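You will see two complexes here that share subunit A, one where it goes with subunit B and one where it goes with subunit C.
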Partner chain A sequence: MAAHKEVVFGLYDDEVDLMNAVKKAKADHLEIMDVYSPFPVHGLDPILGLSESRLHIAGFVYGMLGTLTAFLGMTWIFTKDWPIVFGGKPYWSVPAFIPITFELTVLFASIGMVVSFYTVCGLGPGVTNPYLDNRITDDKFCIAFDQNDVSHGQAESFFQSTGASAVKTKTI
Partner chain B sequence: MNQYTISGKQRIIFLAMIAIGVVSMAFTWMGDDELHTRFWTNFLHNSVFFTGIALMATFFIAVCITAWSGWHAVFKRIWEAFSMFLIPGFLLMMIIALCTYFDIHHLYHWTDTSLYDDPTSDNYDAILASKAGFLNKNWYLFGTLIIVGLWVFFAVKLRGLSVSEDADPGEDFKNHRTQRIYAAAFLPIAGFTSAAIIWQWIMSIDSHWYSTMFAWYTGASWFVSMIAMTIMVLIYLKGKGYYEQVTGEHIHDLGKFLFAFSIFWTYLWFSQFMLIWYANIGEETIYFRLRRDHYPVLFYGNLVMNFVLPFLILMRNDTKRKYGSVLFVAALVVFGHWWDFFQMIKPGALHTAHEVIGGHGDHGAEAAHHVMEFTSGFTLPGFLEIGTAIGFMGLFLFVIYGALGRAALVAKNDPYLEESLHHHV
Partner chain C sequence: MSAPVSKIREPLITGHKSYHDITEDLVSPTEKAPPVSWVIGFIISVAVLAFGVFCILWTIWHGIGTWNLNRTIGWGWDITNFVWWIGIGHAGTLISAILLLFRQKWRTGVNRAAEAMTIFAVMCAGLFPLIHMGRLWLAMFIFPYVNTRGPLWPNFNSPLLWDVFAISTYFTVSLLFWYTGLVPDFATVRDRAKGFRKKIYNFLSFGWTGSAKHWQRWEALSLVLAGIATPLVLSVHTIVSFDFATSVIPGWHTTIFPPYFVAGAIFSGFAMVLTLMLITRKLLKLEDYITLEHIESMNKIILVTGTIVGVAYLTELFIAWYSGYVYEQFAFFNRAAGPYWWSYFGMMFCNVISPQFFWVKKWRRNIAFTFFLSIVINIGMWFERFVIIATTLARDYLPSSWSLYSPTWVEIGIFIGTMGLFFTLYLIFSRVAPVVAVAEVKSILKTSGDQYIGANAIHHDHDHGHDHNHDHSYASALAADTPGDGNHGVASSIADTATAVENVVDDLKKIEGIGPKIAELLNNDGIMSFTQLANANVNRLKHILTEAGSRYQMHDPTTWPQQAQLAAEGKWDELNDLQDRLDGGRA
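Right, the complex of A and B next:
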């Protein structure tokens, strides 16, 4: 795991205050460690300057892998490995393959994306989840600074000027 | 700019389109066989297609009101304008129904009552006899009258309430509450009647064949075309400077509908095809066998235009938001579903025509077999089909832009307007 961080964070009561604070932090060139909110705040990503997730590209690749696995697998099984006539249809009956091809595409894409997501985020069994404040999952909106990037005094005055309801520090 | 006025130039363009349609139909009539099969199939094809778009717009207004959805409120006038095409659509379908009643055309095999009047006759057709309770001229005429009449009633009512809301800034949203009642009543009516009308207008062309998936499949075709038309009209009006409040967010949602319902259409198409293919019953497979073997461009082109291309192009997030890509897919899909209706109607109608012209029995079968070669206007849309479609499109646009001009573009006092203005996906 990464080294411990000294985090100073402010809690806001309202997502509008949060948005304005994030805009101010960007304008003041304060490096934000992270922003936490109980629900996805619309319009926050572009203000934070987060780039678009590439997970969907991985998902497409996994999906195509599933398509190929199912289609080529069934082709091999039903024409080479164990050809059986079903209902007078030809061995290579594409319409009959479509439902299974669809299912495996979905299965590969979903499992592949879940595994990729967990790997990228460092999630998995036995991971401890350092949280800053209980109420971030309830009704508070939080901006956190790493004290290596932003000094405590700087952060405090920033939180006061943007209307944070509480300022706290924690080592995670 | 909240008030649209149809400009003189636009009116000339729409009238020129209608003129192209009229000329194409006249040429079709002159170069036709003695039953005017090509003329009547083109007439039916385009009337059904555009009336269906109007129905689906009405249906979707009712869905949105009943679901308390708000994202569409800013441009709901476009769907209300689409729904106004039900009135000319009603007239067009009544022409077809009246001509069916008076035997002026022979689109439908079942209109020949000599086939099932007399059980002892050599020509006795047991299948048509068993369907005669539904497939008969009286029900075709009165069914069309009652059902499309009901649609017109609800379309006019829903639009009327929406327009009168503009002048009523009351806090109790009286008009919207009344709309909810009409919308909820219309949902089951639209659901059941659209299925029944699709059976009699389109599926009964292949009189002996039936499929329980057919109504849904055709309805999905109408729905996707409606969404695609909405996208095209919205982007056009935005280009003209109207609808500044409509943003990429609304287009994104419409793009998602276009993507999702293209897949839904494919799902229904495949469900219908797969079960019939798998069960392998001669009476059922003949429908697809005819189309696959003798109309391969129609058959496979349908899937490429309505599934493969929309699926691949609209899969990404950004292609649903960029006007260029979403406009391209919308145009493709409208053409693709027009093509879909073409392949539903033409092969069966051609078969019927040749049986009638060739007489019954072996001779008819021979004649029917004979035309399985390439025939412009039947195996593929020819210039006259395109011309007729342009004419109907001109009429459609003329009607909807006229309707748009008669009310404010962005509805005032809609309870969901604020939500729609701040819509974010």
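Right, the complex of A and C next:
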């Protein structure tokens, strides 16, 4: 988080207004700092030009890590470290390893993805991110411009023409 | 946004709520002083929990001999309660994960509370194997850590150890899934709070801002977690059933156990969700968010899973007879006619007969009846586990070892104590967090709010008494919900609807370039007739196709209104001429 940004932002009452405004901002080549909403607005990502999240790829890698940890771990323990015969079955009884291998795959994938999610988003216990307006987590949809990129006057006329219900500035 | 909605869907949010109303209604219970009913409930729960803790301490102090287990019957109420609680937990994951994958919108009303229920139920369940082991202070022996005894490892071939992994994974994943869903809602609470409460919720909300990129990742995470929680929840009760099915005890040693246990788990879990939600709905006045539609949907799942359980019981009986295996035959004869016959018939009545009442729509939508039946099912599913465990063990291979078992006050006390734990945690949860997922309910408002769809949609004002009102409200709701065509807000769409919509359904496939799939897309967006298509804006049509996915983007709707105009006027010959000139509907 870079220190001290002068932010000018507009609040919209409806996600349809927000989407139209984002489209207009893109058409007018105004550089949007960020868009905030109280719930995920579907269809916004492509307009905003956000690339698809790669979190699921990370999840796959974590899952594979779990698979290998469980399967190779049990294999090593029961064939090398301390081989014991259970009920006359072979040391390396693969079918019996399947349940634990599956569980650890799921466990590693979940924990890994959740930790990655909070890390890349810069969220976590005790984190206080600067916020623009109290109503953004309630019922307002917000487009924010950094005043280094978009001048205050430019932003104001943009918000007026796109039907924002309020325009505010804040230093974060 | 404008995801296709079936016309027969009922609204899931009633009371013409705005986004702010939703916040107000769902967050305010965490902000007010608790009502007297909550305080009384909490005191009772904590008292019961305290008694349960006392009984657990009594068990640990005096040893497992304070229970009535004996050499023949090694598993009694403890494992019965364990399986019962773990089964209850399954409904939460089903609602939050499986229904997310199936895109069932009604899950948003109940998923938060159901997931909380899962977590608390798994905590109650996990307690029983731990104290059942006797020496609780050596509980870490079940985990494979590098120890000073060799290291000596646990037996990875044992279903009991699979259970350790399954349940600890299940608990962890459920907790992560639940909390990640809670973070945006905690941020909503934070932004309304002041002073010390704000500090607490700031900590709990992890600094959530609502940034578009965060929401995108949040949704990606939820989807993948749902995707892996689905096989996980199936695996958990499958592995619990392996505890029995991999043994050589007649009545346990059956291949039907995994699916039968999973269905039973979902069955009992939904019963518990209904028990809890019907009370919560009443006390927190959530009737607008947990509607009869939600209750009916859950009752349908109870009917399906209850019937699966019933078929499984009958299959077991049939196979016992058909196998010709006398020990298996005796095991089932003993269940129905042995010393515990009452628990068998209790189970049969509660689990096989009682859910069948839900074939009747009126009863599925009757709250008092649903509540009563949910309690009956909870009891029935407890009986099922008791029948499987105690009844089977009481009459094993060797008649000289036959025995009987009834619980001591300590065992009963621990079971009641877990109820105290469960309700204590649930009551705390209902004060600390919004019991309905605020952000998720907002995200379905435009497609499921009663001002947009259903009999009470506001467009009725100008069009009373016509039986095609549904078409109107529905079409305009989606028109209002369609970005990019410049008209937003309900007021403007009413005007649109009044002129554009007629109660005519035409075969849109007659237009060159429109196949069955696209016709369906257009219908879903409210375009039913040639007239409507003729009046439709090309940009709107393009938007419908873009929204439907990349497969449809190559289609060019430019000539469709023109063709539809001819079709609407009945100029079929001219339409044919035009279509001859067109190449696949393109100019």
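What we mean here is this: the second predicted complex is superposed on the first by the 170 of 172 C-alpha atoms of A that agree within 3 Å, B and C clash if a C-alpha of one lies under 4 Å from a C-alpha of the other, contacts with A are read in each partner's own complex, and residues count from 1 in each chain.
Note that contacts are C-beta pairs under 8 Å (C-beta built on N, C-alpha and C of every residue); 3 or more make two chains touch, one makes a residue touch a chain.
The shown structure was predicted, so the numbers you read here are calculated from the model rather than taken from an experiment.
**Q** Let's test your reading of the overlay: on subunit A, do subunit B and subunit C clash or fit side by side?
**A** Aligned on subunit A, subunit C clashes with subunit B.
**Q** Please name the chain, subunit B or subunit C, that touches the greater number of residues in subunit A.
**A** Higher number of touched subunit A residues: C.
**Q** Could you say whether A:A96 touches subunit B, subunit C, both of them, or neither, answering first, second, both or neither?
**A** Both: A:A96 reaches subunit B and subunit C.
**Q** Using the touch definition from the top, say if A:T128 reaches subunit B (first), subunit C (second), both or neither.
**A** In the superposed model, A:T128 contacts subunit C only, not subunit B.
**Q** Who does A:H42 touch here: subunit B (first), subunit C (second), both, or neither?
**A** Touch status of A:H42: both partners.
**Q** Who does A:G88 touch here: subunit B (first), subunit C (second), both, or neither?
**A** Only subunit B; A:G88 stays clear of subunit C.
**Q** Touch test for A:L72: subunit B only (first), subunit C only (second), both, or neither?
**A** It touches nothing on subunit B or subunit C.
**Q** Scan A:H56 for contacts with subunit B and subunit C and give back first, second, both or neither.
**A** both
**Q** For subunit B, sort through 6-14, 96-104, 240-248 or 366-374 and name the stretch that clashes with subunit C after the overlay.
**A** 240-248
**Q** Following superposition on chain A, which residues of subunit A contact subunit B and also contact subunit C?
**A** The answer is residues 42-43, 52, 56, 87, 89, 96, 99 of subunit A.
**Q** Show me the residue ranges of subunit A that touch subunit C in the complex, using the header's touch definition.
**A** 14-17, 19-20, 23, 34-45, 48, 50, 52-53, 55-56, 59, 63, 73-74, 77-78, 81-82, 84, 86-87, 89, 93, 96-97, 99-100, 102-104, 106-107, 109-111, 113-114, 117-118, 120-129, 131, 134-139, 142
**Q** List the residues on subunit A that touch subunit B in their complex, please.
**A** Of all residues in subunit A, those touching subunit B are 42-43, 52, 56, 60, 87-89, 95-96, 98-99.
**Q** Spell out the residues on subunit B that touch subunit A in their complex, using ranges where they run on.
**A** The contact residues of subunit B facing subunit A are 270, 273-274, 277-278, 280, 315-317, 424.
**Q** Contact residues on subunit C for subunit A in the complex?
**A** Per the touch definition, subunit C meets subunit A at residues 1, 3, 18-20, 22-23, 144, 150-153, 155-159, 161-162, 165-166, 168-169, 172-173, 176-177, 180, 183-184, 187-188, 190-192, 202-203, 206-221, 223-225, 228-229, 231-232, 235, 239, 242, 439-440, 442-443, 446, 480-481, 483-484, 486, 488-489, 547.
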